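Both complexes shown next keep chain A, but they swap its partner, so chain B is in the first and chain C is in the second.
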Partner chain A sequence: MNAQVQQLLEIADDELILGWRDSEWTGIAPFLEEDVAFSSIAQNEIGHARALYELAARGLGTTADELAFDRSPDEYRCAPFVELRLPEWERTIARHYLYETADAIRLERLKQSDDPEIAGLVAKIDREEAYHRIHAQMWFDRLQNEPRFTAALEELWLLAQALVGDDFRLQFAERTGLSTESGSEPQTLERGVHTDELTELWEEMTMVRRSQPAGTRW
Partner chain B sequence: MVTADQVWEALAEIPDPEIPVISLVDLGVVRNVDVEDGRVRVDFTPTFLGCPALEVMRDAIAERIRSLGAEPEINVRLDDSWSTDQITAEGREKLRASGFAPPAPREAAAPTLVQLQSNAHRCPYCGSTETRLENIFGPTPCRSLRYCATCRQPFEQFKTI
Partner chain C sequence: MIYEVFRQERKGQPFQHAGSLDAPDPAFAETYAKEFYGRRGESEALWVVRRDAILEIEEFVDELNRNYHRVDGYSLKEKLREARERAGTAAPGDR
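Coming up: the complex of A and B.
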């Protein structure tokens, strides 16, 4: 697998798994507007994953659905950061803010890709993500002085760093105002490592597909 | 033998699955039609990548072309070549008449909260600009929710993409 396809898969896996987690708010968000918002954001992220899988699938001679659902959990390339089930609103918002900030950094870079298919798709994704960023920033502005929110940001920041490569972590820290100094602190969980929560999510996400014979049309 | 004009005419009769007042041609998502030896190739773009109506649109286009006696080939373009600016004038009027505020023009820079909160957005019912943002997100990815302070009517605003 070449580096470019690998990178598409990393982003697609992040978007699919986070989209799945976002969708867990459907029906139970703290208020109706956020129920609608997180459902819509989830739908967008999963749509981005599908389009990115389609590009990656061409390079690998497979299909988007096979990439999304037929790999074993340890084959996914998502960052452990997106796998966590976060039933607390302040942690969900902290992750949303950190994720959208990191996502903007990598999309800005990929929009400059020499590959016109990647640059074109990423430009479209970025247009949609602009609305996610506005939403995340709005919540950041609202909660930035709330102790539960700042504690959640501190807690998740370490894991969030795995979203971008080493070269971009300083930029990520500058945009969030959070520190990259690790000192004796534990290191981030990099891509390739997975939490048990991914396995639980995967069991649920692929259940219907695994229950049907290969080639079933929906 | 079917002609490209006939195909365009036929596609102009396919309603958007989620906003059926407007057709796929009004929406501007049909980007190109090529006819060659009884095969019709249609390029089209999704509005939003996660739009669940994507497959419905693709199947409806294929079905309509088959009914013209031609073999369809549908190419979904996954790029930034479509924007809400490509919704036709007629399409924008159809949207407005059914209570969907048409999208504001796309600008080079991404939209901001200040723009979304500005009163540059006109109520599709009474025409007032005394409207406010209720929610960036709405019942489908392509819509936001706004409220008109003049006629006290909530309404849906097509997002600019």
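Coming up: the complex of A and C.
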């Protein structure tokens, strides 16, 4: 698998798994307007995953569905950060804010890709992500002085760093105002490592598809 | 805080009431208004107004009973019938 396809898969997996986690708020968000807005964001992320899988699938001679649902949990390339089930709203919003900040950095870079298909798709994705960033920023502005929110940001920041490569972590830290000083501090969980929560998510996410023999046309 | 949203479908057309939404501040109101009424190309522009900023008028007292100012205060049909009787002509349908 070449580096470009690998990178498409990393982003697609992040988007699929985070979209799935965010969709767990459908029907139970703190108020109706936010329920609709956050569900829509979750669905956008899954839509982006689909488009990225399609592009990656062509390079791998497979299909988007097979990439999304037929791999085993340990084959996913998402960061452990997106796998966590976060039943607290302040942690969900902290993750949303950190994710959108990191996503903006990598999309800016991919928009410059030499591959016109990748650059074109990323530009299209970024037009929707602009909404997500406005949404994340408005919540950040509202909660930035709430101790529960700042504690959630601090808690999730370490894991969030794995979303971007080493060379972009300083930039990520500058945009969030959080520190990258590590030294003796614990290291982030890099891609390739998975939490048990991914396995639980995967069991549920692929349940219907696995209920029928492989190759079933739906 | 309830906000009322008005939507303009095409440039030059009047804004029409689209619905309302609940938001804690103007930034949330803007985001939700765009999400609910603007992101599928269905609007050219939106007006988002706090409901309590709207001057609402529900009573229209007509103290002098000037019902001739209103279209329904003057029965054209009745006047026509009387005029026809005076002129001795029948209504078009009766001929």
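One rule holds for everything that comes next: the second predicted complex is superposed on the first by the 218 of 218 C-alpha atoms of A that agree within 3 Å, B and C clash if a C-alpha of one lies under 4 Å from a C-alpha of the other, contacts with A are read in each partner's own complex, and residues count from 1 in each chain.
Everything below uses one rule, namely that contacts are C-beta pairs under 8 Å (C-beta built on N, C-alpha and C of every residue); 3 or more make two chains touch, one makes a residue touch a chain.
Predicted model only: the values in this text are computed from it and were never measured.
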{"item": "Clash or fit, chain B versus chain C on superposed chain A", "value": "clash"}
{"item": "First, second, both or neither for A:Leu121, with chain B first and chain C second", "value": "first"}
{"item": "When both partners are placed on the shared chain, which of chain B and chain C touches more of chain A", "value": "B"}
{"item": "Chain B versus chain C as contact partner of A:Ala130, first or second or both or neither", "value": "first"}
{"item": "First, second, both or neither for A:His48, with chain B first and chain C second", "value": "first"}
{"item": "Contacts of A:Glu33 with chain B and chain C, given as first, second, both or neither", "value": "both"}
{"item": "Partner chain(s) touched by A:Met138 [first = chain B, second = chain C, both, neither]", "value": "both"}
{"item": "Overlap of chain C and chain B interfaces on chain A (superposed complexes)", "value": "33, 36-37, 40, 131, 134-135, 138"}
{"item": "Touch list for chain A against partner chain C, complex", "value": "31-33, 36-37, 40, 131, 134-135, 138, 141-142"}
{"item": "Chain B-touching residues of chain A, taken from the complex the two chains share", "value": "33, 36-37, 39-41, 43-48, 50-51, 54-55, 117, 120-121, 123-128, 130-131, 133-135, 137-138"}
{"item": "Chain C to chain A touching residues, read off their complex", "value": "21-25, 27-28, 31-32, 34-36, 39"}
{"item": "Parts of chain B lying in touch with chain A, wherever the complex brings them together", "value": "46, 48-52, 78-81, 83, 110-113, 116, 134-141, 145, 159, 161"}
